[in-house]
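Shared between the two complexes below is chain A, which has chain B as its partner in the first and chain C in the second.
Presenting the complex of A and B:
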């Protein structure tokens, strides 16, 4: 179920404590955005023109982010329930790691 | 009906072309499995192949599976003008509205509610197929069995494909994260502060993905987790109504 998330089989990269303590092999310089706010909703796709009875629940997130220059944009995306559960699990793991660093 | 039946006997051990094999490679194995389960029905192997070909084309949007390909590979003894209505009948039983799909295959209007459109459960399916066998110009009992086995094997995957096709907003394609320790900062208090760096790949169907890179500290992360816990509670309410 967890593998469903990555449509192009890109598996999440998880670091162990040992790896975190070592200097990274590649210095990745990405431009990061700051998360200002997170909103969520849960919806249900009931029916569509190609399937009368979809009955498919989903979670939609709306992220308010600020880039390095301070410009604010909204980014939104949807997840199926299993995808959400995977997402949530990843964030919980992140929190566990960040606590111990 | 008798004449139709005799035409639709399996072609004797004809090899499949590489193009066709490539087209339904993975589903041929499944077709074989479903044939094995259905028992040794004489006309079942090509029909299973046909249903798989239709499913690949319709639900999984696999291009390149034409009527001619299906006919020459699975029913080479059947002339095109006979094959066309047969294909249309099988297609009509399986599928949905024609307008979404390539005209090469979907040039026939079926007026029966198809199995996938109605997302039939197995009781509905049995009733539906039985009714089809009784119809003039409908399907045979053997064919009904093959269709039933096919649907049982592919229902979930087809449903997932249909759900995916009706997701038009961004979906989360991939997620990577790591935890960094900030070692340099113009603000002294940010030294040795752990931050989580998260890469979210967001994309829509058939469009190039966007990579959203976020950074948050422990406090922000715990705020996020609090909100996501609310989502989880909502999900639980949905699946286990009080």
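Presenting the complex of A and C:
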């Protein structure tokens, strides 16, 4: 049975490995969350308790997302530079497709 | 935890009982991992392959863990730097073997240490779909392009041990929102180019 996406719940849904291999998204009629804001920063990790000297750049994003009831959740995550570039590329692809529709 | 904790070099002498260099190499690798210190399995394997007591095995693993972590912490890649860590009267051949093994593994260990250091959650997957909204309960006919974006975010691995939780957030973006998002993210890309060209 297909797992419902986080359309009507306020908290993100957790997945097991099996569920992650499920077929694509279902858009419910009172769909999904709306993106209200995106904040970003770029930083460089210079040291940690594992590695005294680092030079490891990263991009951190925070998405402010509102569900149908207006409840706002913040999702923060970070990416390495290659991961960010891949992320950006995918969004650009999306933008290119939406132009043609 | 404490990367500069003192290493009990005497405990490393148990390695002299190893039947081959590969056994030593294997032990070094296993001892680096963060789960090494609690692992009953590793303790038992060490006991039987070196024919030592549980206590000796425990002290050996502890020392190897500290030694390998220390080298990763300080990023020691040169042979002389690693040799210099050992006390003067340490068994010469064992010292050289350990140094050689450590040198081979430091880059991989640093990578592992960095992957496991504290961080914000990480984006592990991104799925998207472009739709055309044709009707809704409030509008009977329309043709509005819209995107569905789903991000799967994995919580900090160092907090959750072996099974970090993955949560998904799905959102709908209008073309305008997507363009605004790309504008903002484009600035990151410009910054990256600026930094890369310095």
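Note that the second predicted complex is superposed on the first by the 70 of 101 C-alpha atoms of A that agree within 3 Å, B and C clash if a C-alpha of one lies under 4 Å from a C-alpha of the other, contacts with A are read in each partner's own complex, and residues count from 1 in each chain.
By definition in this document, contacts are C-beta pairs under 8 Å (C-beta built on N, C-alpha and C of every residue); 3 or more make two chains touch, one makes a residue touch a chain.
Keep in mind that this is a model prediction, so the values were computed, not measured.
K.L.:
Between chain B and chain C, whom does A:94 touch in the aligned arrangement: first, second, both, or neither?
P.N.:
A:94 sits against chain B and chain C alike.
K.L.:
Tell me the contact category for A:35 with respect to chain B and chain C: first, second, both or neither.
P.N.:
Once the two structures are laid over each other on A, A:35 reaches both partners.
K.L.:
Could you say whether A:49 touches chain B, chain C, both of them, or neither, answering first, second, both or neither?
P.N.:
It touches chain B and chain C both.
K.L.:
On chain A, what residues does chain B touch that chain C touches as well?
P.N.:
In chain A, positions 5-7, 12-15, 20, 31-35, 38, 40, 42, 45, 48-54, 56-60, 63, 65, 75-79, 81, 83-85, 87-88, 90-92, 94-95, 97-98, 101 sit in both the chain B and chain C interfaces.
K.L.:
If we count contacts the way the header does, which residues on chain B are in touch with chain A in the complex?
P.N.:
Contacts found on chain B: 96-97, 100, 113, 116-119, 159, 162-163, 165-167, 169-179, 181, 194-203, 212-218, 220-225, 227-228, 230-232, 234-235, 238.
K.L.:
Within their complex, state which residues of chain A touch chain C.
P.N.:
Listed in rising order, the residues of chain A that touch chain C are 5-7, 12-15, 20, 24-25, 27, 29, 31-35, 38, 40, 42, 45, 48-54, 56-60, 63, 65, 73, 75-79, 81, 83-85, 87-88, 90-92, 94-95, 97-98, 101.
K.L.:
Can you check the complex and tell me which residues of chain C touch chain A?
P.N.:
1, 3, 69, 72-75, 110, 113-114, 116-123, 125-132, 136-137, 145-153, 165-173, 175, 177-179, 181-182, 184-186, 188-189, 191-192, 195
K.L.:
Touching residues of chain A toward chain B in the complex: what are they?
P.N.:
5-8, 10, 12-15, 20, 30-35, 38, 40, 42, 45, 48-60, 63, 65, 75-81, 83-85, 87-88, 90-92, 94-95, 97-99, 101
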